[in-house]
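Across the two complexes that follow, subunit A remains constant while its partner is subunit B and subsequently subunit C.
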Partner chain A sequence: MDSATQERRKERIDRGIKVRTEGIYAISSWQGITYMALPTVAFVVGLLILPLVVPTMAWQRIIVIACLFALLALVFDFLTNFVGIVCLGGAFFTGVGGYISGLLNSAWGIPIIFTIPIATLGGAIICTLFLLPCLPMRGIYFAIVSLMYPLLFARVIQALNIFGGTDGLPGLSTFPNIWVELYLVLPIIILLTFGIRRLVNEDFGIVLRAIRDNDQAVKASNINITWFKTKAVLLGSAIGCFAGAYLAHLYGWMGLSLFALDFSIFPIAATVVGGGGTLVGPVIGAFILAPLSEMLRAFGPLRVVFYSLILAGLVIFSTEGLVPYLERKYHQFERWIEV
Partner chain B sequence: MHIFIFGLVNSVILALFASGFALVYGVSRLANFAHGALYILVGFSTWLFLNRVGINYIGSIVLSILIVSLIGGAIYRFLLIRVKGMPDSEIIASLSIGIAIMELFRWRGFISETYMLPPFVKGSVNLLGVMIDWQRLLIIGVGLAIMASLWVFTHHTKVGLSLRAIAQDKHASMMSGIEPDRTAVIALAMGSALAGISAVVILPLGNITVETGYMVLINAIAVCIVGGLGSWAGVFAGALLLGFSQILATALLGPHWQMVVVLLFIIITLIIKPSGLLGRQKELEERV
Partner chain C sequence: MNQEVVLRAKGISKSFGGVKAVNQVSFDLFKGEILGIIGPNGSGKTTLVNIITGFVKPDEGVIFAGEKKITGLSPHQISGLGIVRTFQIPRPYPSLSAVKNLVVPLFSSRIQRTTGGKLGDRDTVALDILEEIGFERDAHAPYKPASTFSEGYLKRLELARCLALRPHTIIMDEIFSGLSVSEITAMIPIIERLQMNGITIMMVEHRVRELFQLANRVMVMNFGQKIAEDVPTEIAKSEVVKQAYLGVK
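Moving on, here comes the complex of A and B:
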């Protein structure tokens, strides 16, 4: 007992109000209701008023892009931490969604209100069909295949010179104005974040989490795990394809950059920053990283260097993420106690 | 005949790409996604030593291979050692280190001019009716020499035997006093040196570009996956298979298809038999 650190240690205790608001009695006091609802309300209101507080239209554009990245990050978090599928195929989803929507729009002139839903559903089915043979694979093997699909598709399009080839197709119809762009996607993010959180606590989600923990045991309980994984991937790829279709119409252009590696790497970074397994975390992480990467754009290629160094640092020094940290501070207090 | 000779050269090139990656993976089960970055690092640093510092060609080659093997060892010792045993984190960490190195070169303006290393031997020779330059023949020679010396190294030296021991049975070799982390550092340093050697023999064939790094990485992964991760015979088989199919695809369909073939091979192999042609089957680790 010579050094001070040995005599004391940090103790974490739940706040009294957290314990009081766990059950139905939370609604017995305004304080309890406020405490319980504050994080959710702050998240929803924060997202909704964010476009109003940023100064310029360029920043509003960045928010739209951050929203789309947030959707991809949400998919990544859902598939990785709730289904146990490490899917690096974000670029695959955006590419397929964007190309379907773009082709429908440019070839037959179908308006946006129809192309985006068609791309979402059709893209989800296509992506799921392609990923179906790989679903029995575990961990790193699935990760590599899903990382290779977007590269393969981009190369095939380039080699066959179809769908506009290397140059892509310009002149897709765009959204009428920035407010439509913003307030079409923001409610969807909020809806999906809380929808998926509800889903993973339903019976369906319990099976998914069981598959993540021990797939053999679930299989032994006579549950078709591939079918459950298929449904999860279908949901994930639908969201990803929606993001891709949205992006294509946002730029009014579709091209090979919809298959770019960024869409696979960014969700990982956002999840690491925000905290995996929280669903809200990746969304917040995307809203931190997307503006950051825009600000670093002035540095040119050095931006990617910063970016990957930050990612490597966060992974190597295994940080817990922003949301778990905030959650802990919110629900618990810490004090030093004598040992 | 044309296809046969160039297919052979291409296979040896692929085997060289993959040898470092396979060595690291075989010993420490670590997929080193920074492999491509280390490859172009050697290319650029050799060019710098040769043209900016003014050391002679052999000297700059030796110096940059030494430097890159130190860097490879350091990457494991100080960074990757922390995420050991978590395959996803290993891949993300090493890939982002690799991307950081490659994009650093892009930022320093290594794309504006063309960077070329001079070939060791100039000129070409008519071999069975096919004109082939000496450098390509040299690649075959160096490739075979490296494979032979790797075999001797892993079968007849103490360090090499300890590398193989760790690869075969980690716990048993730890019991006999082999330090897994030290062998992993050695493996990564050697893997980087192999990347370096292949870089200095292969790069004189064309320009040094940042994209080469990504290309090398994908090819190395493809060869290892098709042949079977962690199997040397598999590296040969995978390199031959991919090398000839690349050349065939280029000859029959066009140069764009070269990469498509590689990616298709990766995906099909992983779907049908994830352990590869000659890898040891670990059914439960791979699929449910």
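Moving on, here comes the complex of A and C:
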């Protein structure tokens, strides 16, 4: 180590405007209001105009897919960082949601407007019932079980040749056009991101966060933690099943790929990139990773190599994630001081 | 003293592997008293607390709370009956502020039942409880995350979490351990005040001097068995107890 770094260190100080806009003082000036609202407005407006600025329809399609991955990432972040349930059940949710919606549509010809809500609620109940026996388990054990379920379901469908078997069922109803596809799911993402953020700061959400911090102490406080975890998983699986049902109608096809491992793994990557525990982070992470993985298609088989390298680099060099990094830059400045 | 029994244990035993952690322990806890439990390390004191509060299932024996049998109930059901505990190593919710730490017990069904849903703003109630236990209301302390607290404040937070449940019995697992002399001096009047308010207290403790000051009765454990139970002055003179602690004959 050279002497210069030993005598100086970096100091982080809150920006003046951050200090001046704390609490109720935020509304005392226009600058204050702008400073407080800017990140939120940028996120909302950015999401809403994103489909308008991309060049082709193929890219708009990628944005819809990114939206669905964003929902799954949101679920992962909520369950992991706010309830302490490491849930790798993304593929389980999308599979169950997609198959319910697809079956209702192809067998009875029920229109999309009903199949997606039914799949969301029905799928959430089915997923939660399956995950219920594992809820008393902690950490990695729950993760393993939630990861195994989609494999189990896919094999059962394959082996029994039910619900279209290996080939799946084609010819499901699709959305009228790309704009409906886009602007149906984008507001839902915004609503859910801020809705969940609100929820985890309400008293109910405080109990969930307490369960993550120390479940034994919550048990000793006359609170049935399994019941609270059940409600959290129900919410998470509802969002996941919605994404699955949406996906099935997006492609007009339901098949075993709805249970693909990607739906479980991608949300983790998006959360790492965006920053866990921020809720906004995983959404942004999904909007970075989904287009990135499309762009890497140009490299053919090397795509996975580049993708892995980029992810590894992000994890090694930026462990905090994108959103916490931006938050820090926005609220604080850094300077070198003599020690 | 009023001789109403709030907690009665009969023949409690628990083995971990080949070790008999608790062996045929019976005792009564009378309403309004402070019962101290002392014993050398590994004598089964904390296991006894874990059994009473439902965290560990006993191999044998039954425990009654009043008339109700509570063995086999889960921790959240037992705490719902008004029998609450502190943990030897404080278990706060580090990411939450002291106020939000107390919102958790205030959200419990016991509080919703006893207040008829008319508790009001949980944050305000939490602040009142914290002030009672020694957090300054106007200072920043109640709003700082629990991860920044010293051991003394964490122990107070443990006790505050219990009080938030409006208990009739508190079981304290080594509430003085890890505290400085001045912090213990501050804690003693808090415990005395709890007793004056009619709360029954069972204290597992290593700090014999402070315990003898507070306790009405003391029970001594060694190798999982109860070896003595009497008023503190008699326990201090007892030969069996000296032998267990000091190994002298």
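In this section, the second predicted complex is superposed on the first by the 323 of 339 C-alpha atoms of A that agree within 3 Å, B and C clash if a C-alpha of one lies under 4 Å from a C-alpha of the other, contacts with A are read in each partner's own complex, and residues count from 1 in each chain.
Throughout what follows, contacts are C-beta pairs under 8 Å (C-beta built on N, C-alpha and C of every residue); 3 or more make two chains touch, one makes a residue touch a chain.
Model, not experiment: these values are computed from the prediction.
Touch criterion met: A:A220 reaches subunit C, while subunit B stays clear of it.
In the superposition on chain A, A:M137 makes contact with subunit B only, while subunit C stays out of contact range.
Put simply, more of the residues of subunit A are touched by B, taking subunit B and subunit C as the two choices. In the superposed model, A:V315 makes contact with subunit B only, not with subunit C.
When the two complexes are overlaid on their common chain A, residue A:V156 makes contact with subunit B while staying clear of subunit C. Once the two complexes are overlaid on the shared chain, A:V19 sits clear of subunit B and of subunit C alike.
For the contact definition in use here, the residues of subunit A common to its subunit B contact set and its subunit C contact set are 216, 219, 225. Listing the residues of subunit B that touch subunit A in their complex gives 31, 79-80, 82-83, 87-89, 91-93, 95-97, 99-100, 103-104, 106-107, 218, 221, 225, 253-254, 256-257, 259-260, 263-264, 266-267, 270-271, 274, 284-288. The touching residues of subunit A, when paired with subunit B in their complex, are 86, 133-134, 136-141, 143-145, 148-149, 151-152, 155-156, 158-159, 215-216, 219, 225, 265, 268, 299-302, 304-305, 308-309, 311-312, 315-318.
Against subunit A, the residues of subunit C that register as touching in their complex are 53, 55, 74-77, 79-80, 84-85, 87, 91-96, 100-101, 103-111, 122, 161, 164-165. Within the complex formed with subunit C, the residues of subunit A that make contact are 203-204, 206-207, 209-210, 212-214, 216-225.
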